[in-house]
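Across the two complexes that follow, subunit A remains constant while its partner is subunit B and subsequently subunit C.
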Partner chain A sequence: MPRIALLTTNITTGDAVSNDVVGMYRALERRGATARIFASNWSFEDPQVWPAVEIADFLRSPEDLLVYHYSMGWEYGLELLRELPCRTSVKYHNVTPPEFFIGYSEAHEKSCREGRRLEELARADCDLYMSASEYSSWELLLAGTERERTFVVPPFHHIDRLNSIEPDETVLDAFQDGRTNLLMVGRVFPNKGHAALIEAFAIYHHHYNSESRLLLVGKEEDSLAGYSKELRELVAARGLQKAVVFTGGVSDEALKAYYLVANVFVFASEHEGFCVPLVEAMAMKLPIVTYSSTAIPGTVGKAGLVWKERDPVLLAESVERLTKDAALAEALGRAGWQRYTEHFTNERIEERFLAALAACGL
Partner chain B sequence: MTRRVAIVVQRCHPHIVGGSEALAWQWATLLRETYETEVLTTRALDYSTWANVLPAGVEEREGVRVRRFDVTTGRSHYWGRLYARLLKDFQAQGGGGAHKLGRPRFLPWSAALQEEFIRQQGPYSAPMLDYLRTHQDEYRAIIFVTYLYPTAYFGLRETHAHTALFAPTLHDEPPAYLAAYRHAARRASELLWLTDAERRLGEGLWGELPGRVVSMAVETRPRVPVEEAAPYVLYCGRIDPNKGCARLFEHFARFKDEHPSDLRLVLIGEQSLPIPARPDVEYRGFATHEEKFALMAGALLFVMPSDNESFSIVTMEAMAQSTPVLSSGGSEVLVDHVLHSGAGRVYRDYETFAASLTELLADRDAWRERGARGRVYTVARYSAEHVRARLVAAVEATAERRAATTTETSTTHTNMTGTSALISKTQTTTAREATPPTLVLPAGWSENSLRELLMSVQVEGGRADELRNYAASDFRRFLYTLALVPAETHPDILELGANPYFFTVLLRKFRDARLELANFFGGDEAKGDEQRGSQDVFLHLTGETLTCVYQHFNMEQDAFPYADDSFDVVLFCEIIEHLLADPVHALSEIKRVLRPSGHLILTTPNAARLDNVARLLAGENIYDPYSGFGPYGRHNREYTTRDLQRLLEANGLRIETLYTADVNDTHASTPEALDATRRLVAKTRTDLADLGQYIFCRALVDEQTKLAPPVRPAWLYHTSHKPRPHITLTPPPKR
Partner chain C sequence: MTATDAPEIDIERLKAEIREAARRRSSEITNAHATRAAQGDGSAVVALPPLSKTRRETRQAHASADGGGGSARQTDAPQLVLQADFRPAEDGRYHVNDLLQYHDKLFVRNAYRALLKREPDEEGFRQQLELLRSGRFDKIDVLAALAASPEARSKRVRVEGLEHPARIRKLGRLPYVGYLFRLLFALVRLPALVREQQQFTAYVTAQHQQFADFINPVLLDISQSRRHLETLISDARQHLETLIAHQSAAQEQLRRQQSADREAWATQLTEMLAHVQRQQESLVQLVEERVHQFAQRLQQTRAELTAQEGRLSMLLEEARRRLPEPLDERQLQTFADEADFARDALYLALEDAFRGTRGEIKERLKTYLPFVKRTPPAGALVDLGCGRGEWLEVLKHAGFDAAVGVDRNRIMLEQCRERGFEVLESDALTYLQSAPDASLRAVTGFHFAEHLPFPVLVKVVDEALRALAPGGVLIFETPNPENMVVGSCNFYLDPDHRNPLPPPTLRFLFESRGLARVEILRLNANDGARVRDERSDLALRFNDFMYGPLDYAVVGWKV
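Our next item is the complex of A and B:
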């Protein structure tokens, strides 16, 4: 029976990478496979994580499989991919183009530049390439992977957990107050289009509905303090200090509560490899209004308003329409939920993951 | 197709006394004679936790298969806090009753928060939902009972619309103001209501929905009355201030003090209120089932003082024992029962209470007659056989719709919010509708208040009692017709045959329109020239007087005295069946005076109504008798829906909506014969929608259809030339 190693650089509780790696691990475990997670840094004990340097002791047979979860530049990972004497595969989420970080963080810029060496991934000639979305898949194909070995497998996620936990009720108390809540979920990173969102919200708030607020849920990093500062200056310049809330990183309980109090999910990101928060919004029947870019139209499909034009008035008017037309908001929310149940539940994703493995003989 | 039917309910066990659980079980036992019947439920007994205590799996009970599934989300303190939040938000927006103002005010909760509330309320059963997802096609229909719980809410989400029936057992309570339930209701093929009042509440909250009042069965077997020395008024039920008992005691004591007699008040049921220590008030404690029925049968009168009844089983049981009833006017359901049955009176205060008792003691025969009417009403509506027949009809209608739609891609749901119009129908690809739309009343008006308004109409020269009877019996026809008149615009309307002006009153009150009226009372034929008349109409209820000016002409002979393109709407109601020779003349004149994209609204008795089918089957004749008012006084040619569709379409009128509906309970056949006929018809054709008493139709005229020449089809005219009747007429009434 072949052994399967799931390898990644860093794995910490509750982030997108760990949700995906642990999801793959659980799927393999349910199938009775002998699987282990390897990483260089980790922060949890269940399931057990093994040091990356011990991976060669585990993968000894040519029948064994390495699944390298690729999310940033990491020379050691590439070496293992090239040198281990077993079958190899890559799970590629995406890597943010470095240009977004210019002027904000040299470290991020450098790490992303290293991470986008997709040609090297393709040259490693793996048995299987799995990407999070059609968009990411297209990047791999452009870098030179073979179509027959390149599959779309959306990332596993924590939506089942969100559904089962109790929300942080202090969030409900604070924001379930009759005002219209626009929600955006995502790290405060320069590719996420916060400024464009704030501009659109300014129009909505000042011209359509002053009883509204924008909830920006996502971790902020000291290394990107310049970006955070710019956003706060923009908020002040538009007179939105009382209407825009930066929550910082939040617990799953609080995240759930933010989804429960939200009326519309708004999104203006300029680069996404898949975008789990969009799927979370769909699972919550939250109507989505977003600009189209990178993987976003593929993830949302027809289950949301996806605008090609980056026009803040259009975004504001879309929100106005949805908050005024309950039937439309409900229909869009239901369409999202249907898309989630048909394509993006962990069960559906597990089927696609196992199908991809089967295609390479496992 | 499969003969299995499932009822989904949150709990099911003989020890559970809850109303919706009892209803689900009753329906299961009624359906088991026709179908392989199953109850899909949970392992829970106690609704405060929904803990899994009963064994999972399948058990048989009294011929019904019960499938129990694990509860995966029970009820926690967390739900209690969500409920407190709901109550707080409900109060903050001014409480309930908003639906009565025409526009329900839903709680401003996100869909996710609403579903969180419903799921956490429990019992949420993931395995039951899996079962529904994978096994629903094995069922002819799945009936979801009670709107409140996740079993129905999420179950409806997993079930195809063409399989699901939904009995919401709706109450006017805070959770009813979650819009999520409105969306859930739209996922069902049909709604099954317990009462008209529940239906009105539901449609006030959820908008227009297909459905029928199925109700629940009550015991109707007549019992031998108890022998009592002195006459008595009976009350059964909890003796409790919430049931209006304190007020009842006051009224009764005062009445007896003012009108001494040997009349007593007898009470049975659980006591939670002190009973006056008077010799003429007797508390008998608990009674057995049989004792209760014998007491009901022996009572001079059954009294129901409660304002909070959602069905009132005991009142129906008493009515089934031929006992007249006196009921509080505070409960819409009871008012409906009493008004529709004629089984007694409604009281609102001491004066009306005392007047009814005085009348009862003075004329016992008249009240015995009322009691008899009550029994007829109850047996026809609430006997097990009739409730079963309605349930079976609902299941079969669903199965038929499903068979009809299996070739179509999928069922779509429209999201209608239109409560501003009486009825807002989205345009369907076919003009024919399977079931009549449900009536939505004008904002601020109850059905009873509207009926009262029309019954108070008095026309110059008309007989008061005839007009009252006409208004009462045809009231719902007027409402259906009104619903066809567009509400949004400010149309020019021509009302043909306006006398006795009931509909004119409704148009004046509820439509912002310019009205032209026309009548024909006979007299010299072929007048042609303009002739005007006028009649005064008094509204006793409001004290208003309307002066109705009309043109006088013969609609099937004369050119209408109006210019081309004069009207947006022409009402041609209850006329075509009276015409003698040339209905197409009337239609072509109507087309001429209508503007392009104007509407013809036509109503007429349905020749193929259920009662007619039953009468023919019974060997009876269905033709209208000759009239003392002459040939125009009778129905000379009635139409079926197919007739009408063919006639209008041949003449270039585009049918927008066409359906039949019952408007009253007046039938020549017995309820049993009607039921038997319906079952028989169901065996020979799939479309049972054309059996209503009246046909309601709205058709559109456009630029092109206006140019279409008059067509006199051979199935309606023996010869193609236009005949001219030579008949001397005496003035007929409108009816």
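Our next item is the complex of A and C:
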């Protein structure tokens, strides 16, 4: 029985890559495979995580398999990929282009620049390349991976957990007040298009519906304080201090509550490798309005309003239409839910993962 | 699982509707354009004033100034106060002049505050102001009307000097005499009126001055703001120009890069083309060499062949000279005939392979017994091309002893003789020609006619007719080309077959040469393979063409 090692740099609760690693581990475990998670930093006990330096003791046979979750530059990871005597595969989670961080954080810029070493990944000549989306798989193919060994496998996620927990009451109480709530979920990072979203919300708030609120749910980082400050200045300049809420990082309970109080999920990100929050919104039957970019159209499909033109009036008008027409909003929410059940449940993702393994004889 | 993403929504149509609504809305939201235009630079976005909000505030200020009756909203702008402030008297006693010194809205408001001790209600305020502005009421009338109301009386407010002029105004409104009263009163009041007029003029002048004093600093402020704005705009323009310059520099660089790339590609392409051409040239050279080699070899071979031919003819010449005498025509004919017999074994094998087993054939041939039984009982029954002798056997079993088989295949004849049948090695036509007139009871040929050239077949029919006794029968069976598989394929399984003979042709031949009561029998249909759909016309026709009778017989009688 071949052994399977899932390798990643950092693993922690609540981030997309970690959810994917754990989801993959559980899928292999259910299949009866001997699998272990290896990382250089970790923050939980269950499932057990092993130090990355011990991976060579685990993968000894040529039949064993390494699955490297690639999401940032990590020399040691690439080294293992090249040198371990077993079969190898990569799960590519996409890396934000460094240009987004110029002027905000040199550390992020550097780490992203080092993280986009796709040609090296391709040269490692793995038995299987998995990417989170069609868009990401194109990046791999352009870097030189082979069509027959490159598969789209969306990331495993924590939506099942969201469905099973109770929402945070305080959030419900604070924002269920009759005002229209627009929700965006995503780290406060410069690629996420917060400014564009605030501009569109300004139009909506001042010209369509002054009884409205924009909820920006997502972790803020000290290293990107400049970006956070700019956003707050923009909010002030547009006279939206009372209408835009930066929640910071939130618990799963609170996240669920935000999805429940929201009327529309709005999104203006400029770079996404897959975008789990869009799938969360679909699972919560929340209608989606978003600008189109990178993996977003692939993830949303026809289950949301996806605009190629980055025109704030279009975004505002879309929100207006959805908040005025309850039947339409419900139908669009249902379409999202249907897309979720057909393509993006953990069960479907598990099928695609196992199919990708099988297609490469793994 | 396809096409279920949005079963109820036509996303594209919805988007088109939203796009159209947004387009209409966009022209309303002029600010949105400014906002979008400024999006090129993050800092510029933050530095710009929130235009949309300013406009909203302006709108609100307008609304409150119209309906608020003097309770102006607090703003940063300096307030223009044109009339002295009014303080309601605590004891409720006024002189009419205390109130008359105010004008327009302020007058009405103060009258309410003095006489009714409250702020005017919206409706009352509007009515009184309208009466006053229309000239139908003067201030005395307004005061008198308010003072006479039950509300004012209950408040116990006294206005000295109101009663008298109010009464005079009332008299002035009497019918007919009212006018005279007003004229008289005006005359009496003329000095006072002149004084009031002078006072009013002075008041208006003072107010104008106040306006001027107020407006000048505001204008100054505006022009300063304008200069400030112009500076801002020029800064922004400069900024924009710098940006554009940067962008065009970047474009220029990109263009240079592209042209460098193009040149590099062009060089690469030229190299590749040169390489391909070199390869092509060497290939052509190779091919030419080979062709040349082959041509040389061919020439050599031809020369050798000519030499061989020369040698051979020499040898033949020598051999001819040494042979005793040349072969005569008869000897040559024997050689040819013997060559024909050399194929007998092959035909026997073909018959065995394709015609069917002996038992099958006999079973089929029994069909013809009734015809033979109807002939007069005298003369021989001749089977042309008797082959393995199945018909002869059928006849023998049925009690016909005078049956004779004719065939040229020596192996088959040998087999027939072994079975005890009387057979002759002969050409069918030759045999018939030698038979006396009216000497035969029946002449049959099963799968025989199709082996003959047509002129020979005609002669065979003629000779058979001649040799048959009256009442005798002539029967030929042959493959049925109406069945397309037979006509196009199976007929040719036997390489000795000439042309398929369609039933009408044989019928015509029999009839035209003088046989009577000619009939066609279609036999051996391939029923098992038919398409089983009896209701379908197509199936019926298909069955006819593909699985129709494999053979047919033509039967004719000598009269």
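We adopt the following convention: the second predicted complex is superposed on the first by the 362 of 362 C-alpha atoms of A that agree within 3 Å, B and C clash if a C-alpha of one lies under 4 Å from a C-alpha of the other, contacts with A are read in each partner's own complex, and residues count from 1 in each chain.
Methods note: a residue touches a chain if its C-beta (ideal position, glycine included) is under 8 Å from a C-beta of that chain, and two chains touch if they have at least 3 such contacts.
Predicted model only: the values in this text are computed from it and were never measured.
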When subunit B and subunit C are modelled together on subunit A, clash or fit: fit
Which superposed partner A:Val217 touches (first subunit B, second subunit C, both, neither): neither
C-alpha centroid angle, subunit C to subunit B via subunit A, nearest 10°: 60
If touched residues of subunit A are counted for subunit B and for subunit C, the larger one: C
Contacts of A:Lys285 with subunit B and subunit C, given as first, second, both or neither: first
Which superposed partner A:Leu197 touches (first subunit B, second subunit C, both, neither): neither
A:Lys302 touches, of subunit B and subunit C: first, second, both or neither? second
Partner chain in contact with A:Cys126 - subunit B first, subunit C second, else both or neither: neither
Partner chain(s) touched by A:Ala331 [first = subunit B, second = subunit C, both, neither]: both
Touching partner for A:Ala316 - first (subunit B), second (subunit C), both, neither: second
Which superposed partner A:Ala52 touches (first subunit B, second subunit C, both, neither): neither
Partner chain in contact with A:Leu66 - subunit B first, subunit C second, else both or neither: neither
After superposition on chain A, the shortest CA separation from subunit B to subunit C (Å): 6
Intersection of the subunit A residues that touch subunit B with those that touch subunit C: 328, 331, 334
Residues of subunit C defined as touching subunit A within the complex: 1, 4-9, 11, 14-15, 17-19, 21-22, 25-26, 28-29, 32, 35-36, 39, 42, 45-50, 52-53, 56
Contacting residues of subunit A [partner subunit B, same complex]: 166-167, 169, 172, 176, 178, 259-263, 284-286, 326-331, 333-334
Subunit B residues touching subunit A - in the complex, by the definition given at the top: 76, 78, 81, 85, 89, 92, 106, 108-113, 115-116, 179, 183, 415-417
Subunit A residues within the subunit C interface of the complex: 195-196, 199, 202-203, 206-207, 230, 233-234, 237-239, 301-303, 305, 307, 311-314, 316-318, 320-321, 328, 331-332, 334-335, 338-339, 342
